[in-house]
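Down below are the structures I want you to see.
Presented sequentially are two complexes of chain A, the first with chain B as partner and the second with chain C.
Coming up: the complex of A and B.
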């Protein structure tokens, strides 16, 4: 067995470690499997192609989003201090979160990054322009990167930090203090405002979207779960890209900027770090970049420990949040929100230690032990990718009650965003009424069952790539199947009881 | 610069400025269109006050809000905007027929009234809203009436501070009398005099005459009783305390006072058909233990003033 059968973050299987004689894995020199079902959306919808090719496309999406986001921040500062009546809390942490995790990511990949207001000011400073790319040879000031011209220092991001560990840590930090900003508008303002400031500063110092790629806590999990998304930006024809000498998608052109996400779009094979800005669609001189529809959970490669740990972190936090925020144990809520509940800081420190231990140590250890078993009985360890669709579905299951139970607050706050007594859409006096609360556990169970099915499918797919013998496939898949089923049963137990 | 870039830049700046300016502009327009005088009152349970200050996400957690002092001219048409900053309150201004209005946190209610008579009008929170609930009282002055001095111990200052180490029972009783909110209805040192609309006696009873009410005859007898309470002596009519002349009555009255504190008592209406008086004696059995109750009783007994009788009977 060679290293190439285990491109994931875990060590390659030890030759001869198997206790049972194993059939040899398939030769990996076989040609790559056909891509399968794809629909070229830009070909199917010419108006969409026209739209994404306009220079003002991204700006036109960001602008209203930026306006609303700043109104929300203003509401956080000058609006009511009551969380569930302040549009900042309700729209960001209930509506946006649900929309993001349940609709945008599964169906439209990282479309949020296209419209995200965090890097707006930084990118504006960095490019010195909102809609027009600047060329290095036009004699203006700035630094040449590719054939575009940028302002700011344009330093390269340190290689040691060119991974998503910072995003893992920043997301864990955010989650640790979530009870503070989920209930206090002003704390949300501080958190979100800080992200804008940090993004702006990093855009001035470093090249392109270093903040988005390596620091942003939201971007980290978007990168992971975009793998499961049903939309992708890809080249239409690999040969055209091979023959292309311009590489405009990478270095930019007068039609657009070089990929701000440090991707080489023509060679992109995963969604992880594509912010769907559509610059490559605009710059490609051969009209070879497009947006495609594809089956759910198509990307299956996790590269590096940082990405694997992201999967652990997300799954663990979905579990922890289900216990803390959906569970009947007030003790956990009190500890997480210790300044308001009066619980001592010692409790909070204990809570933080547990919250960090779960994804960084406990879940990976459990996963590793199952991996060890797999290696012993099948000769090759599975990759952690199956955790990705399961984690996404677990987050959807967790987020559903947020919107179904608290959805009426959206109607109230859209009419009275500051709690000042407005009634813009005549919904300010909507009474709180949960939607289908009696059905919620059943829906959550169905979602988790779907997650399990996808996970098992992915595990058996891995087995199929490695072995031809049916028994070997089963031997390979069973330990992971047991683990995944146990995790799903744990979630179901939480939701049903 | 290309026209597209110029337009984009203008739009971006407009979005930033507009996001912060438009809400305030809209609010200003809304207030300007009202023909009435607008008064905004926000109830804050943690401070135990009604305030005219603007309570926002920014200042709520460290804001030092002031109690409202509202003065109106006779005949003013008033748009009263009512809010709660934290928990459910119920605003009630019975003499002007305003309320009761339930205030859901973060929600805004509007009531309209005309200040057509001069005087001082009290408003209350009539929904128990926390440890500082009994401080949530205010007054509105119409015309030239003098503003009353309300008995307001600062609830904010005391509620989060752990109780001190008490050197004697009187100090302890004084502390609990103020921090638990007794002072807000029964007045400073239990002097009473707080108006209670449609209450049979007009004002909340004074408690600085508790000594006489439980039939203690002199300062010395009060001293004996206070010492007994401090020493945690069981008050039992079958175990008379030396130095108290009318012991069975005193013991029975003491039991009655304890019972009232523990179980509360509904206020007697002046007009049986009228509204329930907003202030009432709540049940304290879950909020005060027996030692705390005894300390408050001892403190109130110590406020009793006796007229010294001479040998001539005058």
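Coming up: the complex of A and C.
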């Protein structure tokens, strides 16, 4: 069925071409054994298993995060308007962003979603509880979803919007106006505060985590890059899930809520829509759900044009941001921040048009051209999946200078969050000092080289699955290898210059 | 300790078949619950199939009483190694994207019944006990009827 969801712009191989027959769509059979190592973290660390099975686990993580978030919003409202002296700007757009893209996502998948404060109030209203699940048959008020009981309207999210296009557009919008909120605390308050309000309202209207799955701009790119992560939540044994009639991971139980992310956890094969809430680990009556460590860049299936375009958007924006914020051309930065620089709005409109054209039209067109070449020389086009790990590493390469150059502001704002002259931890007067600035280009080049290596590996692996003949494999892989190498060289050129 | 189905006695095989129908009925009912409010048409289909499994269970109970009399031994699907018949989605993300179409629901059921039929056919060929082999053949016929009904629904 998953094959039928993705129409793909990628037609079947030309008849007569020497192609290894593809396996039939999977029915109710054991899935193929996963490629690469798997380490069961809940088995290896019994304390971790105990922890994630506690009902208070997620609440205990969200609460301090929510407190910090409210402090940041307060700093944004009442604190100094000077960006690098306000904890909101420094901790959210420098520290959190760097942590998220460079550590949390690559190693821990969507662990940010586990602790995210955005849906907290909405989910609290929806569940009518902070920790204990409510059962539909306990006589209480509310709407039944599965066998749990929820408050609110619990409407189904509109089918036409059941994709990540809204997240694609909202992320593009955020990036277009990034120069405004990245430097102005009050604008950040409006953006972040609005997300909390929207999340709360949508939780009251729609089922479960509709906001997270379909609206949240952060969730959009987390869903894509979680595919590359080294952590996954999966069932241990497929037969146990087949034999289970409770399906508690889906419908819930007295031990926990049914999956809030609309997943069917026992069948999960990729990380995209798993928010790592651990409800399925709690509800499974057979102790058959677990958290595993796995190789980087393991999930390889993109479904639908929305996900493919997300890959284009993220890679394009990494390129654009590298030019605007890291490049030597002050013109672009001035245009992006036109209200401060004095550049006219016409320049900004031109910049916005270019910024949107890049991921929505230019990069996809270039990609399609190379697909056409692949089809002509090899009979089959490659899938766009290699853009995923490459895009993630490009964002890591872009984000490193943020922390290495501006990291000292973290110490300053930690002690003086509002810019009022406090010195809570005696670090308020830390002098600005960039870390290893002379090594930054080399580190960025190494990261992009790793991205290229992974991309080429993925492309040749696709070739291996389709063709037996070595020459056919090379013909298939060469066009994409040329494209990816060109993209990486472009990034390297930007960083080295 | 799990056993292979061929190692079960004839009473246990029939008890297992009853348990499987019962279990499938519950699983399908749970799917129906999940789709209620999300896609009521699909929810109704799952509920319809759940009731069909409950009917199968009753028929097998009657078969057991005719053949063996007495109480049905407790044997469930976790007592044996193999997976005989199980209803399951083939994708974890149906509820995220576009629900299921009626044809897909019947397809899931058809595949499950065909698997069961294939399983009992193989068991009938390999088992040495004649009474057990006859029972497996009866179950093959049983599952074939279900598969035929679902095949009609799929069209």
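Here is the rule we use: the second predicted complex is superposed on the first by the 462 of 497 C-alpha atoms of A that agree within 3 Å, B and C clash if a C-alpha of one lies under 4 Å from a C-alpha of the other, contacts with A are read in each partner's own complex, and residues count from 1 in each chain.
Here is the rule we go by: a residue touches a chain if its C-beta (ideal position, glycine included) is under 8 Å from a C-beta of that chain, and two chains touch if they have at least 3 such contacts.
What you are looking at is a predicted structure, and each value in this text was computed from that prediction instead of being measured.
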Which of chain B and chain C A:185 touches, first, second, both or neither: first
Contacts of A:416 with chain B and chain C, given as first, second, both or neither: first
Which superposed partner A:143 touches (first chain B, second chain C, both, neither): second
Touching partner for A:67 - first (chain B), second (chain C), both, neither: first
Contacts of A:107 with chain B and chain C, given as first, second, both or neither: neither
Touching partner for A:247 - first (chain B), second (chain C), both, neither: second
Contacts of A:439 with chain B and chain C, given as first, second, both or neither: neither
Contacts of A:45 with chain B and chain C, given as first, second, both or neither: neither
Shared chain A contacts, counted only where both chain B and chain C touch the same residue: none
List of chain A residues in touch with chain C within their complex: 1-2, 5, 25-28, 143-147, 154-156, 159, 162-163, 207, 213, 239-247, 250-251, 258, 261-269, 272-273, 303-304
Residue ranges of chain A touching chain B (in the complex, touch as defined): 55-56, 59, 63-64, 66-71, 73-86, 88, 120, 124, 129-132, 184-186, 189, 412, 416-422
Interface residues, chain B side, partner chain A - complex: 2, 4-5, 8-9, 11-12, 15-16, 18-20, 22-24, 26-27, 30, 54-58, 60-61, 81, 83-86, 105-108, 110
Residue ranges of chain C touching chain A (in the complex, touch as defined): 23-27, 30-31, 33-34, 36-39, 77-78, 83, 86-99, 104, 108, 111-112, 115
